[in-house]
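Input: a single structure, listed below in structure tokens.
When the chains are written out, they are named A, B, C, D, E and F in that same order, and each has its own residue count from 1.
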Amino acid sequence: MPYVNIKITRDGVTAEQKTQLIKGATELLVNVLGKNPATLVVVIDEVETDNWGIGGETVTARRQAGK
Amino acid sequence: MPYVNIKITRDGVTAEQKTQLIKGATELLVNVLGKNPATLVVVIDEVETDNWGIGGETVTARRQAGK
Amino acid sequence: MPYVNIKITRDGVTAEQKTQLIKGATELLVNVLGKNPATLVVVIDEVETDNWGIGGETVTARRQAGK
Amino acid sequence: MPYVNIKITRDGVTAEQKTQLIKGATELLVNVLGKNPATLVVVIDEVETDNWGIGGETVTARRQAGK
Amino acid sequence: MPYVNIKITRDGVTAEQKTQLIKGATELLVNVLGKNPATLVVVIDEVETDNWGIGGETVTARRQAGK
Amino acid sequence: MPYVNIKITRDGVTAEQKTQLIKGATELLVNVLGKNPATLVVVIDEVETDNWGIGGETVTARRQAGK
């Protein structure tokens, strides 16, 4: 029944990696809280680096600056 | 004033269906809670089937398996 | 499979009204998009009026001003 | 840099279980995507069972019905 | 440490405007609450006008009607 | 029309500070994007420090460790 939302930058994450994220997040909730996986939802949002800020800068700008 | 977010898989939902979702969600909040529709916001997110997991699998994988 | 999030101000919404919101949002997605209700999740967030702003003011301030 | 949001019903989850969820979600993103854990945020939302619906019913109602 | 999510319609917002939004939201949290900017995350979501509803209508429809 | 969500730890933020956050976020969107403030929504979520993780630890644990 839990709902997990994973937001990451859009950086060529593969379908296999998404499968691992969904499998891993589901197992985590099952193992720690004993949740039923059948209705456990995981949604992955991929966000453009221009649209993600940290430390007051876009990720695009940080990468250009070598951070 | 309420804010409603509807997340669905990206499956060719038409503009007409989106209109119905927005109209229906707005009417629901007006009818049940007497909210003012003028400032009632509905946002629909369409998510790739690779990015949506349920039961520990992606929707893509579930459909390939005939689930 | 869809996920619906309804954010409203905390104003004494009753358990019966929450039941109606959950039932209504589920039926909306079933009717418009033919979604399977079994795994359709609805989460209602109730937000303090101090924490909800519209038009640059909190809802608390707007109500005190008779808006 | 990723942001993970875990929504669960409010059911007496302990501080130790929350620590495990946060540690596990962080490790998952580090292991699968090589993300830097230093800026990786995990937020857990606990939702009242009256406010969580699945299959068109509240979790409160489902539990009363023995589902 | 805060997390800020800004949802706007997809209307040709430039990279420079996104930079200003991220910088401004970060400064706001630093100035009002004294938060550390280093781990302060801002995510901007751009939403198609067909997917955004207000007053029970899509933004697309409102614009066509001259609202 | 934009929707802004600010998530912070629950640390005794005052009503006056919330008013400043809502006013500031609204002005930011008006100034950068020319948005109409009348339908601009800001929602502040305050999250317990046990429920907020960064760097794989809860904020509670980080503060106890003097981080």
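Everything below uses one rule, namely that contacts are C-beta pairs under 8 Å (C-beta built on N, C-alpha and C of every residue); 3 or more make two chains touch, one makes a residue touch a chain.
This structure is a prediction, so every number in the text was calculated from the model and none was measured.
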item	value
Any chain that touches subunit F and subunit A	B, C, D, E
For subunit C, the least number of touch steps when starting out from subunit A	1
Approximate Å spacing (C-alpha centroids) for the pair subunit A, subunit E	20
Subunit C, residues touching no fewer than two other chains	1, 3, 7, 21, 25, 38-39, 41, 43, 45, 52, 54
Arrangement of touching chains [line / ring / star / complete / other]	other
Chains that touch, pairwise	A-B, A-C, A-D, A-E, B-C, B-E, B-F, C-D, C-F, D-E, D-F, E-F
Interface residues, subunit E side, partner subunit B - complex	7, 47, 50-58, 60-61
Touching residues (chain side subunit A, partner subunit C) in the complex	1, 3, 38-39, 41, 43
In the complex, subunit B residues that touch subunit E	15, 18-19, 21-23, 25-27, 37-46
Subunit A-facing residues of subunit D, complex	1-9, 13, 17, 20-21, 24-25, 28-29, 31-33, 35, 39, 52, 54, 59
